[in-house]
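Each of the two complexes below includes chain A, the first together with chain B, the second together with chain C.
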Partner chain A sequence: MNNLNKKVKDTITKPHKKISLKASLSLAASALLGTSAVTAPVSHAKPADEWQFDSAFLVYSEVDRVSATEAIIAGTKTFANDEVLNLKLTVDVLTGASANGAIAQPMAQTFTRPSGNGQYVTPAGETPLDDTFKDTRVQVNGQWAQPLSDNLTGSVGGHLSKEYDYLSLGANGNLAYDFNRNNSTISMGLSYFQDTFTPEGGIPKPLSSMLIGDSSSPDWDTEFAKTRIGDSDDKSTADILVGFTQVINRRMITAFNYSYSMVDGYLTDPFKVISVLNFDGIAQDHIYENRPDSRVKQSTFMQTKYHFDESLLNSVADVSYRYMWDDWGITSHTIDTRFTLPVGAASYIEPHIRYYQQSAADFFQPYVIGEQAKTAFVSADYRIGEMTAVTVGAKYGVVLNGGNELSFRIEYYRQMPTDAGFVDPNGLNGLDIYPVVEAVIAQVSYSF
Partner chain B sequence: MKPLNVLLNKLSFTKSLQLHRPKFKLTLLAVVIANLSACSNLGVEPWERDLLAKKEMALTSSPIDAALDDHIYFSKEASSGGKSFGGGGCGCN
Partner chain C sequence: MKNKRTVKVSKIKDGYSVNFNAMASPCEVLIQTQDKRVAERVAHCVSAEVWRIEDKYSRYDSLSLCSEINNSDGKKVDIDEETYLLLNFAEQCYQLSDGLFDITSGVLRQVWSFDSVSGECQHFPQVSEVNKRLCLVDWNRVLYDLHSITLPKNMELDFGGIGKEYAVDRCILLVKELTDKPTLVNLGGDLAVTAPRDNNHSWHVAIEHPDCDAFGQRQDMIVALKHGALATSGDARRFLIKEGIRYGHVLNAKTGWPIIHAPRSITTVAPQCIQAGILATLALLQGKQAEQFLTEQEITFWARR
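Coming up: the complex of A and B.
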């Protein structure tokens, strides 16, 4: 550590060698690791050149709903024996309103906040949104990759993510085998996450009615507690990913993945309710949703990248398709396309279009009618309902003097939930049961 | 006419799949092996990697964008992963 201090001091005292942000971060990263980097003397020539940093600041903002601000910084260092270390810090802040699952009604509706402290009123004709949504998340990731033999590369990684009401710990391991003159690669990875959810107000009793009334009354807390079954619950996720990458020719590379994911534990969203309607479509009650405690997801993924020649301005096309299916009855198709177009010698523009379509989970219902309510599993969360979503955007990047890259990205994301064939009662005529969600994504990135 | 024939062949192939599941698995295995061996003819020599070595030709050319996007879509849609691990990691709404 003295050595480290000395080097920092040397750097600062030398008049013509300004300590750059990169050098500071390199030092910080190395100090954290208690290792090297300092061996590439900061005070001489190029300061700790081997650390490469990527940073980004992103704002995700939905119209009238949630806003998220996210900052990322990732450092990558390549060691002498082709070992690669990647460390990443992510911080995000979420504020705004989130759909609570209930549907719009011809009259105003009152809901109790998830904490049980106080109520909020949704005006007639509007989709009920819980506006108390606020969270800050800090995430740390580390990944170490190294060659194990001539053709075999191994990597291991760890993940920690903490929110006010959520803790997630994860680990992963991967092996990649290159063959056919390094033109083909087979890889396999395993990952495991253990999450603990401690929601504000505790875990609601599935299918129980949301208590609505005077939260300052003396027996409120006792009554509210009757709708709760605990303070926290767990979820585990185990993923297996098998991949195959193939260089086709000098201009083209393809990848195929298959993944199998098992999620077990508390998969219900404790903040979501579902409207219980009478036959006229008027809400009589709001019950807490209930999802199965396991889910098996599988997906196939295919990607191709193609480098065009001068006739198409040396542009690069990136096209991928994912098909996902699970045992909740959800299937989805995702097509993602990017086109990187060089502009001049040092900049590029990259249009992006993403199309997503999913079918509804078997237990998804936008609302329940009468006694139908007491089915085992039910959720009105539009995110597991039938939906089409489109993202359209573009990125502009420029390589600055010294090879650092600055880029800007702006995208428009539109979710269009659709009716999966439910016949609405007359009382819902003219109400928007499947409201469109629109968001803008703006991002600035800097690599140095 | 040719595309139609191809389509018809495909259709009858699909039908036979439903009838002979073990056969389907064998066929699939054969196709995969055939593809893998065909792959040995694909690819480039080390000195032909000029374009493939460019950053924009990496399968994930911007890992930061990918991480941010994964987080957004994981929170807003029922699917996740595929390209990389789908994972847990947040109680995002």
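Coming up: the complex of A and C.
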């Protein structure tokens, strides 16, 4: 009974006191400022808890080959105690043709589709492309970051990516430590991915010959199954990243990263073959490629951003360089430069140039001759061959009334494989063994 | 004393930013408009108003009205309506705080030097020194009416606790007359907005963490504000430590001693900046009970200890 009385008393007296201080102050302020009193006990502010969204629509189209259409929506929400939640959904659709690894020949060539169901013919003199490439990928990423103490920020994230024949699950954790009046940050991150590949038609037996013939014959399926070793395979990836960011002054910021990545498991591309030629350069056979089941990659990265003053129109230069090397013998250099130039009051234009140079994996070969190397690792996948690639493009962004940003990006990509230096058999004269790949990338983004 | 008075108007992402220095603080006005003339007019009016208030009520400026009153030797000084209204407001705060908030407490600063950067005790006053000044702190002895004020000899007025917040509110009124474009007025961290940003978006305001030690600084807290004002009281750089007790910069006008166990800073929101400022200061004056005080008053606040 006493408790109840106290409760009743509290509810009667406390609100009264509350209103009296706020109301009195409100009246006093109104008298001072000559405004009408705002007596309602309103509080107009709250921690920033609105969602901030970024959306983008991207088209990537290779000349005569694959094209990809991608839609992204990402939302970021900041909570009262500086926790940040970021969710991102990506959907992309791939269609078109993809190089199967075999080389062009002076005559038409017939290949079996990866599924084993049907065949396709590549005309004479053309690079063989498998035109059944079609896939839809849905990717979900979530990241949660929060301050752990005054100088320490932690974050954890998850990743799920699903394609018709591919599943990737990942998790990551990062720690960032700020010091030197927040001008320096050391960060460390770990991530782990587990991928499962379930290609239609199963996993081909490495170095076995692609079965070509009448796929409607009664013993086709039995014969095809002999070139398979299973329905699915998987790989795991563990990455360690160490980073250091330093604010040099109010105009300049630099970052250095080092990453160590271990990939184990099925690293072969089940869709890729390699041509087996006779000494005249005529394909006798196409064997499935074979790659090592582990790869250790390391890379260093440095980036500098510089914000120029009015004399250079308040532009921002962003230059980065990455050096990557792995135990497959691949090394690569990437130089990426962007220059953001404000145009007028609320828009900007951003030219972009990227230069990429890569050396070939030790086991890369555009083709094999005779019985050579039928037991070793071998791949004719142009993506692990020696190449130079250049991307040139520009982005135009405009801030609309209300602060939302709309931007357009258009880029041209050109990938130029380097002749691996083999003495090509005469039969290959006049054929393009190292075809150039060109692509156009167009993107529209909207942040709101 | 007076630095070069310049106003800088610069284009930012979705409007204009006006920057100038006044009241020993960096001041900033953000206007969400693409019309430079509007921005320049606002810049001119706001900076002029802030400097006018500074010139009139700064106790550091020997030419100010405040100095004239403080040096009046107990004689009557003529005042205008604005000053009368400010004194009235100070009177109300004195009453509401039960004497804890007193604009005559400025003399105590003669014995409390809070500008120690390291926080080490460089000069810790004797009880007798404090008491000597304490007899000069008593708002009840100040006589004023609509036209004049009489301040007893050796006493001092200090508008520092309300001047900046008052200037914010005055500027908001001025801006509202000039334009209906969303505008934010920020005078050294005490700020108010005229309206939400376009599309009813909030203004995002970073509240600086008071701890600015050489070894890092916590990331600023972000607050979203659509209407009204926000003010912060407390400053970690102004404190003394003696025998393990940290003395904050807010002085108890009744004892002459700093409030202990108070949060290092409190940020509150209210319809007007002057209310937010007083609420934050009154809360700090509650010491250990600061948060409880604000919670009971159902006031939105952020406290940092």
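Assume the second predicted complex is superposed on the first by the 397 of 448 C-alpha atoms of A that agree within 3 Å, B and C clash if a C-alpha of one lies under 4 Å from a C-alpha of the other, contacts with A are read in each partner's own complex, and residues count from 1 in each chain.
We take it that a residue touches a chain if its C-beta (ideal position, glycine included) is under 8 Å from a C-beta of that chain, and two chains touch if they have at least 3 such contacts.
Just so it is clear, the model here is predicted, and its values are computed rather than measured.
In the superposition on chain A, A:147 makes contact with chain C only, while chain B stays out of contact range.
After overlaying the two complexes on the shared chain, residue contacts for A:180 are found with chain B and with chain C alike. Applying the stated contact rule after C-alpha superposition, one finds that A:50 touches chain C and leaves chain B untouched. Applying the stated contact rule after C-alpha superposition, one finds that A:378 touches neither chain B nor chain C. Shared-chain residue A:189: touches chain B; no touch with chain C. Of the two partner chains placed by superposition, A:203 touches none, neither chain B nor chain C.
Using the contact criterion defined above for the overlaid structures, shared-chain residue A:78 touches chain C, although it does not reach chain B. In the overlay built on the shared chain, the residue A:368 is in contact with neither chain B nor chain C. When chain A is checked against chain B and against chain C, the one touching more of its residues turns out to be B.
On chain A, the surface patch touched by chain B in one complex and by chain C in the other comprises residues 180-182. Against chain B, in their complex, chain A makes its touches with residues 54-56, 58, 60, 66, 70, 72, 74, 88, 90, 92, 94, 98, 133, 135, 137, 139, 159, 161, 163, 165-166, 168, 170, 172, 180-184, 189, 191, 193-195, 197, 199, 235-237, 239, 241, 245-251, 253, 255, 257, 259, 261, 263, 269, 271, 297, 299-301, 303, 305, 307, 316, 318, 320, 322, 324, 326, 330, 332, 334, 340, 348, 356, 358, 361, 383-384, 387, 389, 395, 409, 413, 415, 437, 441, 443, 445. Chain A contributes residues 14, 17-18, 21-22, 24-26, 28-29, 31-33, 35, 38, 41-50, 78, 82, 147, 150-151, 153, 178-182, 345-346, 399, 401-404 to its touches with chain C in the complex. Within the complex formed with chain A, the chain B residues making contact are 36, 39-40, 42-46, 48-52, 54, 56-57, 59, 61-65, 67-68, 71-73, 76-93.
Of all residues in chain C, only 11, 13-14, 32, 34, 85-86, 88-89, 92-93, 96, 166, 169-170, 173, 197-199, 201-202, 204, 209, 211-212, 214-219, 221-228, 230, 269-272, 274-275, 278-279, 296-300 touch chain A in the complex they form.
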